[in-house]
Every structure is written in structure tokens, then in C-alpha cells.
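Both complexes shown next keep chain A, but they swap its partner, so chain B is in the first and chain C is in the second.
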Partner chain A sequence: MKKQISKHEYQKLVEEKAPGSHFIKNLFAAFITGGAICAVGQIVMLIFENFGADKELSASATSIIMIFIGAFLTGINIYDEIGKFGGAGASVPITGFSNSIVSPAMEFKKEGHVMGVGAKMFLIAGPVLVYGIFASVIAGLFYFIWKQVM
Partner chain B sequence: MAKRLGSQTIVLDKQPVILSGAGIVGKKEGDGPLARYFDDVVDDEYAGEKTFEAAESRLLRDTYIKALEKSGKSSTDINIILSGDLLNQCTAASYAFRDVDTPYLGLFGACSTMSESLAIASMLIDGGSVDYAVCAASSHFCSAERQFRFPLEYGSQRTPTAQWTVTGAGAIILGKEGQGPRITCITPGKIIDEGIKDSNNMGAAMSPAAHDTIRSHLIDTGRNLDDFDMILTGDLGRFGSTMLRELLNRSNIDLKDKHKDCGMLIFDLEKQGVDCGGSGCGCSAVVLSTYILNLFMQGTIKRLLFVATGALLSPTRIQQGETIPGIAHAVLIEA
Partner chain C sequence: MSEILRAFLLGGCICIVGQVLIDFTKITPARIMVLFVVTGVVLGIFGLYQPLIDWGGAGATVPLLGFGNVLAKGVIKEVDEAGLLGIFTGGVKAAAAGITAAITFGYIMAIISKPKIKS
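Our next item is the complex of A and B:
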């Protein structure tokens, strides 16, 4: 039987006809969500500074608080809704990183604490950690060489 | 004896009877437009079990019992169970039927499982080796998500072509004699892969298979669309249905208003936030076993071509850069 349409033609047709994402709407939602999360972070940091903590301590304490907020909102089934609305605006900040670790930990608890939680916890965050640490080692190496030369 | 017609189609001689059908679904499906046709709606996503996988088995088992009850048969009358699901190694079905004292054949046809089981059971009954068979399939949103996508609580956005895995199970009791619509003809489908790689666009991956099977069925039987009351595809969803119509148009087959899709029937696409519609083995199984059988009982439809479609992918093969093979089997049901 002769084919009516070639593979290539079909793929082009699908690309042409497939409904696209709402670009403007998603962009706006990501901006609002990401901005709101950062604003909360800023407020937390100002509070720490207000209590006399220096810049470095305030920054570390803020990260810890934001990670907790992300984990907490994941635990009470809210962060997935924020992610659904905000897209990258919710996944890029540190709260999203927290969500990406806590959500598989919750999901795979049924498979036990070792092969479930332990093994699957970094299912999503794993690549970020691997390449993040790798990139920081490379950057550190360059920094070290730069220091020696200058 | 059954006889082969054309290249792919099998015309059944004994014409097995659909004695009864049952469908049990989850809450979201129960909030959908077909709510009043379902036998039960289970609000708890765990269905009283400890895991989503166990919940899916529970739904399947309960649906089987319900269908049996409605058919007036007992489990000892059943010669074979043909069932399948989406989980690795078809475990929803094998755990559902492990305490049932009946021979069991596990099937995997992804979302086409229901038409696969009906096709095989029909041939077994037609051949005289089986008197009564159970055809069933199930899927569960939560167990499918964790196997194919992300953890439930992970905040991610769905693409506009994505479909929502139906939580539900459908079962049909097929017999050599009795009252009900009959399966008269089947067209097992070929695996068609048109090179779609996006696992969030399974409608597009499956529609070429649906096109091929529908076209083959029409050529083999010499029928045209006017001979049918409805062409019911499995779960192509909104976008897959658009592509099917487009492909059939190119083959000079006009679907007119005859086409319905289980994935679009089970949810309210605009209100329920399911993007292109429902999917999963349970989708076509539930819609056929409840709503469609009801249409037959009321006499609204008399001849229906049921074409459940499946995307035969695994996350591993997709990660390896492979494309998605599609399949569709057609079963002709007549009042």
C-alpha cells in the first residue's frame, strides 16, 4: 500500500499544527513568580541585617530559610501549584531546587528509606549538582592559575 | 470458522457477545462529563491501599467483580482473563488477578490494550476454545506519572499537547452466547512510527497508526464511513484527533461527524485543565465499558468501530533518542 505522506512531511505537519505554549502569558507568570520569591528572600535578608548580622551571615541564613520554605510548601502540596503557574520562575530560585529534592523524597518513600528516598532523592537535582560542582571546580582552577600568574 | 478478509481483517463467524461492562474511575474522571455512566467513583487516590500501584490493582479487581456481577455469570464460568496496564511488567493486572482462580493472559498494548484484549478474546471464543472471557485494562494517574514523568509534588508545567492519564479501570465480559452487542470483525493494527520524539505529544505519535488501521479496515471490508454510526478512537486527544482527520483527508476518507475520541469524551478539556484530553489504558476501557455500552443499550448506535490507540514507548528508549512507535487495533461492535 502506498504511503500518503512521508515521515518527514508528517513531522513538519505536526510541528506546524501543534498548539504552542502561551509565550507572553508564561513569561509574565514566570516574572511575577520568580520576582515574588526573590522579594521574600530580600525581606528575610533585610530582617537578618536589621538584627546585626553581617552580609555573609545574612546571605547564608536567607538561603537556609528559603530552602526550608520551598521544602515546606512542597510538603503541604502547594509548591507544585506554584510551579504549574510560574514555570521557570518557580524552578530557578533556590526554593525550586528544594522542591526538586523534596518531591522525589516524598514520592519514593514507599520504596523504602534506602532504595526509595536515598536512591531517588536526587533524581531531578542530581544533574544540577553534578554539573554545578564540576563547573565550580573548573572555575576555581582558573581562579587559582590567574592568582599565580598575576 | 473465522475468515480473513483482505490483508489484515478477520471476520468472526460466532460473533462473541458483550454480556456486560463496568467501569470504576477516580475523582477527576468522576467530575467529568461522563460521571453518571460510571459504576463507581473512588475519591481516595489510594483507593484504601498503601501505594498507587496497589490502588490501580484494586480498581481493576473491583471493576472485574462489578462486570461479573452485571453479567450474571460467576467466576467459575470464566475461562480466561485478558488484561493489561501501563506499569512495568504489567503489574497492575497481575497483582489484581493473583487471587482469582482463573487462567490469565497479561497483555501490553499501552493505551490500545482494551481493543487488543477484545480482539484476542473474540478469536478465542470464535475458535471454540473459550466460552466466556474477561477483557480488562487499567491506568492510574499517580502510578503513571511516577513511572513516566515527574514526582507528583514537583512543580513543573505541562506542554499544550500533553494528555492526562486517566485513573480508572474498565472490564467487559465476553461470551459465546447471550444478549448484547456483538463483536463481528477485527482488524489488528501494524506498528507505525512516523518519527515523533516528543513524549508529551503522544496524540501525534499514535494518529498515523489509527489512520492506517481505519484505512485498512475500510479497504478490507469494502465499507465506507456512512456504514458506521461512530468511529471511536482510543485516546488520541484533541491534537491527535486533528492529525487523524488530516491524515484521513489525504487518503480521501472524510470522518464527517462520525468521529469521537475517548480521551476527549472523558474530560471537559476546557474546565478540567487536562490540555489535550485523557490517556492511559483505563481511558478507552472505561469509556467503552460504560458510556458506549449504554449508547448500545439505548439503541442510539448500532455499528461502532472501536479503535483504541497505543504509544509503545518507554522512558528509557526516549532518553536514548528513539522515536515513538504507535499502534491501533480496530474492533467492530454491532447491535
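Our next item is the complex of A and C:
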């Protein structure tokens, strides 16, 4: 049986589904979520700097901590909720990268340790590493040539 | 305190760019992540990302653009030190901490945690 909806209800439904209605809300959520994650990162970084680590060392130590936080929050099923709210605010930070590793690995655990966890870990992280590392090789090649010429 | 605020503002703005791309072009979050890392490499090789780090600290290093920048900076450093071989070693060498942390913590968390039952 088809559900009958009035013209008025239909109009409301169209407005809800139309792009733009949630647009500002999405941007705001992404800003708050991404900003908050980076603020946590900055706090971690300041703690490392406080212990006497230089800027570069603090930055990579912070990445390790943030990756751990992302993996941990995914494991206890909280990061996916953050992602539903924050959209790109949750996927653009490095915590989103570790979420993209843990999430499919958990889901495909039943397919075994090799083709399940081991392979599915890289469902999204794989492409990120492939294109990131490939881009770095191209960039390095250009830099090498530029150095010879200049 | 102002350092934390600047990290919040810059990190938030970078994520807004990602959200705009998702909402306007309908490209998937996975593609956004690839795009951000590659863009970070491009910005990094031309030295354009460092000013953002100087201003926003973790607001620039925590987003995936920062991961791309690490790859680019690593490759520059290694080409300077080791020449041609540096093209192949620089990127991963600089990103080793992040990659190894992601694999290690990712694997451990995936093993010990249970996925939520989807209702």
C-alpha cells in the first residue's frame, strides 16, 4: 500500500532533501569538529614542547598520539558517531586516517586475520599511502632535477 | 592559550574546505583524504605549507595536508643529503612514525574491539 502524503507534507519533504538546507549546518559541524580535534593536538604538542622536545619532534610525536586516539575512539565505537556529526571535520584530521584503518578492519574481522583484518585495514589508507608516496617521489624527482639545473 | 585557539581556527577552516568539497562535488570522504595528502605534498614541495604551520601549529600538522607536507619535506631533506636515492627514501622515512603508528594501533584496536551490531 502506498503511503499517502499531502501536498504540504511533500513540500516539506522536498525542502528537507534539497541541497543547501543542511549546508550551513554541515559546514559549522565540520568546523567545530575539525577545530576541536586540532585544538586537542595543539594541547598534546604543547605538552611535548614543555618537556623540551623541538617543534619537529613534538609534531611527529603528536601525530602518533592523535593516531592512537583516533584508533581508540573507533575501537570503542565513538569515532563513527563523531563522523556522523562532523563529516569532513572528522575525516580530514589524521584521527580520521586511523579511523579509516580500524573501522573496516573491525568489520571484516570474520574474514580472517590475513584477508580480513590485514587486507581490509588498507581499504582507504592504502589509496592514501599509494598516492601520497607516489606524489612524494614525483616531487622528489622534480626537486632533484631543479637542483641540478639551478 | 592563543596557540590552542589558532590551532582550532586553522584546523576548523581546513575541514570546512573538505566539507565544501563533499557537499558540492559529492566526492567521497576517501577521495577527500587522498586529495588532501597529495595537495599537502604539492604545497610542501614549494614550501607553501610551512607558513600555515608557523601560524596554526597543530591546526596545520594534524589535518592530512600536514601528512602530505611531511612526505614532501622528507623527500627534500633526503635529496639534499643522499642525492638521487633520496627520491625513494625521503617520503616514507619522514612519515615512518605516522605510518607505523597507524598500522600498529590500528591492528591492535581492530583485534581487541567488537563492531557495533547494526540495527
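As a working rule, the second predicted complex is superposed on the first by the 129 of 150 C-alpha atoms of A that agree within 3 Å, B and C clash if a C-alpha of one lies under 4 Å from a C-alpha of the other, contacts with A are read in each partner's own complex, and residues count from 1 in each chain.
What we mean here is this: a contact is a pair of C-beta atoms (placed from the backbone, for glycine too) under 8 Å apart; a residue touches a chain by one contact, two chains touch by 3 or more.
If you're wondering where the values come from, they're calculated on a predicted model, not measured in any experiment.
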First (chain B), second (chain C), both or neither touched by A:M106: both
Chain B versus chain C as contact partner of A:S91, first or second or both or neither: both
First (chain B), second (chain C), both or neither touched by A:G132: second
First (chain B), second (chain C), both or neither touched by A:L141: second
Partner chain(s) touched by A:I47 [first = chain B, second = chain C, both, neither]: neither
First (chain B), second (chain C), both or neither touched by A:A119: neither
Which partner, chain B or chain C, touches more chain A residues: C
Partner chain in contact with A:K7 - chain B first, chain C second, else both or neither: first
First, second, both or neither for A:N26, with chain B first and chain C second: both
First, second, both or neither for A:Y79, with chain B first and chain C second: first
Set intersection of chain A contacts, chain C complex versus chain B complex: 19, 26, 74-75, 77, 80, 86-87, 91, 96, 100, 102, 106-107, 124
Residues on chain B engaged by chain A in the complex (per definition of touch): 50-51, 146, 150-161, 194-196, 201, 204, 208, 216, 219, 239, 242-243, 246-247, 250-251
Contact footprint of chain C on chain A as seen in their complex: 19, 23, 26-27, 29-39, 41-46, 59-64, 66-68, 71-72, 74-77, 80, 86-89, 91-98, 100-102, 105-107, 109, 117, 121, 124-125, 127-129, 131-133, 135-137, 139-144, 147
Residues of chain A defined as touching chain B within the complex: 1, 4-5, 7-8, 10-11, 13-14, 17-21, 26, 74-75, 77, 79-84, 86-87, 90-91, 96, 99-100, 102-104, 106-108, 110, 123-124
Chain A-facing residues of chain C, complex: 3-23, 29-30, 32-34, 36-38, 40-42, 44-45, 53, 56-59, 61-64, 66-68, 70-72, 74-76, 78-80, 83-84, 86-88, 90-92, 95, 97-99, 101-103, 105-116
